[in-house]
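Listed below are the structures to be examined.
Both of the next two complexes hold chain A, though its partner changes from chain B to chain C.
And now, the complex of A and B:
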């Protein structure tokens, strides 16, 4: 399905969504309380059928975090990107999409480990890479480590 | 490789010539001949250097020619551990444990930039050990990213040369510092 058609479907379902089309992907930005709702719709709607979450990631923009979900449909072979902004840096929290795509579980554990973003309703939110007694979140922009990292 | 071929680095042999023991030297020569010509490595690789190490063991380069006969899957049966790849903070206890499980005499080769000094990409980061010699004592360093199999063969021959200088009279106890 073409990006134009996808855009119409998304706008029809969620009129508040901010839609930007770049060269490859259609980028949908929604509020963090709507992301789970939109993800569920995109997975279950027979027209879109986004049954495959091929990348889930987080970005640190210094004043806020951005969650990015790359979706793919193995049936129609179209892709879409949905994003949500997390403004609370102290206790960042967002709804888990594990109940929609089971593969999100390890991605979210990694984001929890390296960015410190918590996920509501995640079945097993533990550290995945770092030691259990690790302090700090290495992929945050304000992370400092005077022992191991030389600032230049 | 003959002794006189190592023109660039003669210090090891000179050291030996100055301080040899006449009574033990024949026994030493036999033991060292045996040890240096059957140093079996441990099947242990943590990143891309492991691919070069496998290439060194495969038919084109075939390091069994030099007595590094076969990879052992158990540290109990291995004589040398080739640290082929990045050692992260989380991997360091595993490496230490593998080294401790190896039977004496045991040797360590640090293969590639990551094992020598933390690597060209990861050295300035929160999760990488800056050189495997922070964890276990290293006998031979092989630079490169990754080193070609020929470089590994050269490093192994340097190790053999080092083993040939050992004596049963005075044990090398670098490991006790760790």
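And now, the complex of A and C:
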């Protein structure tokens, strides 16, 4: 489906969503309390049918985190990117999408480990790469490690 | 103590053991905590991170041409394809068009890399099932491809042959002849693989109906590559979002619907035939021209987000770059196929025997550095 059509569907469902089309994808940004609803809608709606989450990542923008979900539809072969901003830096928390795409489980464990973002309703939220006694979250921009990172 | 242990094993009560981190069948340092009842696997909990090097964090301090050399160290068996993913991201972001010659050579190299990777998988898979002979047959043929790589790239495993804007140097004058010789040779040898292992009744009993993964599960977990296509999940990026010269060649996406270990095995064997057919279509038609375009000495991507998907030997590999306009990326995310594929192992191995878990792991073709990044 064309991006224009997708845009109309998303706006009709969630009028507050911020929609930006770049060269590659249609980017939808919503509030962190709406991301789960939007994800569920995009997966279950027969018109969109986004059943394949091919990338889930987080970005640290110093004053906030951005969660980015890249979605693909195996039925229509169209893609979309949904994003949400997490402004609380002390205890960042967002709803898990594991109940929608089970593959998100590992991606969210990775983000929990490296960014320190917590996920509501995640079935098994543990660190995935680092030791349990590791201090700090390496992919955050303010992370300092005098042993393993050499500043030049 | 010994008596207790014996009782425990005989009474078939639940207990947990560690498989790995040093275990021949995990093909690297991966630890799996198995919850067992007798010999039946109730739950698999993989423990990752033994070779986590923080490549995504390192990339934030490196320039784009430098990052290419780190991608080699992810999935080292499809090094060329991963290099290409970073190069394509940079080229698409800067909106530069590489010469046709580069596209052709990259595609040929990709497919040679895929064949080499599947050959090594075949070696290791046979060995996982106890058929040691396969290892020698597979490596014998893989050596020919590595020789071709060495001649043109100077390296055998970690190629780093791609640079943004083209290739590091032109192909060796012997390249076309040697590739054609290899195709002629391997067409005779590939049926040997079938004769040696595919038809073997022990192998068939150990793989058919083992480790079932339905199409819906494969899509939900994001299991891609030959493992996903064994479950009927049409996920070939070469077909759906062609890059380089893939739009110019005819090839079939291999799909099996059984979703068991044998189906995943068959997909890879058939993919080697398809890869040879792709190379055949391109090898005589490599256009004349430059092997690279001139790029600025310092590459800065415009502010924005760029995503590139490619089909690595194990599934869909993705590069996600967030640029703030500097010569280093603000954030770099690698979507590695093995990481997503591993997520499905608990579903596949549930209520199977421990020996079946080895076969399932072999058929998923795990490369651990790619998971840990």
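The rule we apply is simple: the second predicted complex is superposed on the first by the 152 of 152 C-alpha atoms of A that agree within 3 Å, B and C clash if a C-alpha of one lies under 4 Å from a C-alpha of the other, contacts with A are read in each partner's own complex, and residues count from 1 in each chain.
Operating definition for what follows: contacts are C-beta pairs under 8 Å (C-beta built on N, C-alpha and C of every residue); 3 or more make two chains touch, one makes a residue touch a chain.
Fair warning: this is a prediction, and the values are worked out from it, not measured in the lab.
Look at A:138: by the touch rule set out above, it reaches both chain B and chain C.
Once the two complexes are overlaid on the shared chain, A:70 sits against chain C while remaining clear of chain B.
After overlaying the two complexes on the shared chain, residue contacts for A:60 are found with chain C alone; chain B is out of touch. Judged by the touch definition given at the top, the superposed model places A:103 against chain C, while chain B stays out of reach. Of the two partner chains placed by superposition, chain B and chain C are both touched by A:129.
For chain A, the partner touching the most residues, choosing from chain B and chain C, is C. After overlaying the two complexes on the shared chain, residue contacts for A:95 are found with neither chain B nor chain C.
Shared interface residues of chain A (contacting chain B in one complex, chain C in the other): 129-131, 138, 148-149.
Of all residues in chain C, only 48-49, 52, 54, 56-57, 217, 219-224, 233-235, 240, 304-307, 309, 316, 318, 320, 322, 330-331, 333, 335, 339-340, 342-344, 372 touch chain A in the complex they form. By the touch rule above, chain A contacts chain B in their complex via residues 129-131, 138, 143, 145, 148-150.
Looking at the complex, you find that chain B touches chain A at residues 89-90, 124-128, 130. The touching residues of chain A, counted against chain C in their complex, run 22, 24-25, 27, 51-55, 57, 59-60, 68, 70, 74, 77, 101-103, 105-107, 110, 114, 128-131, 138-139, 148-149.
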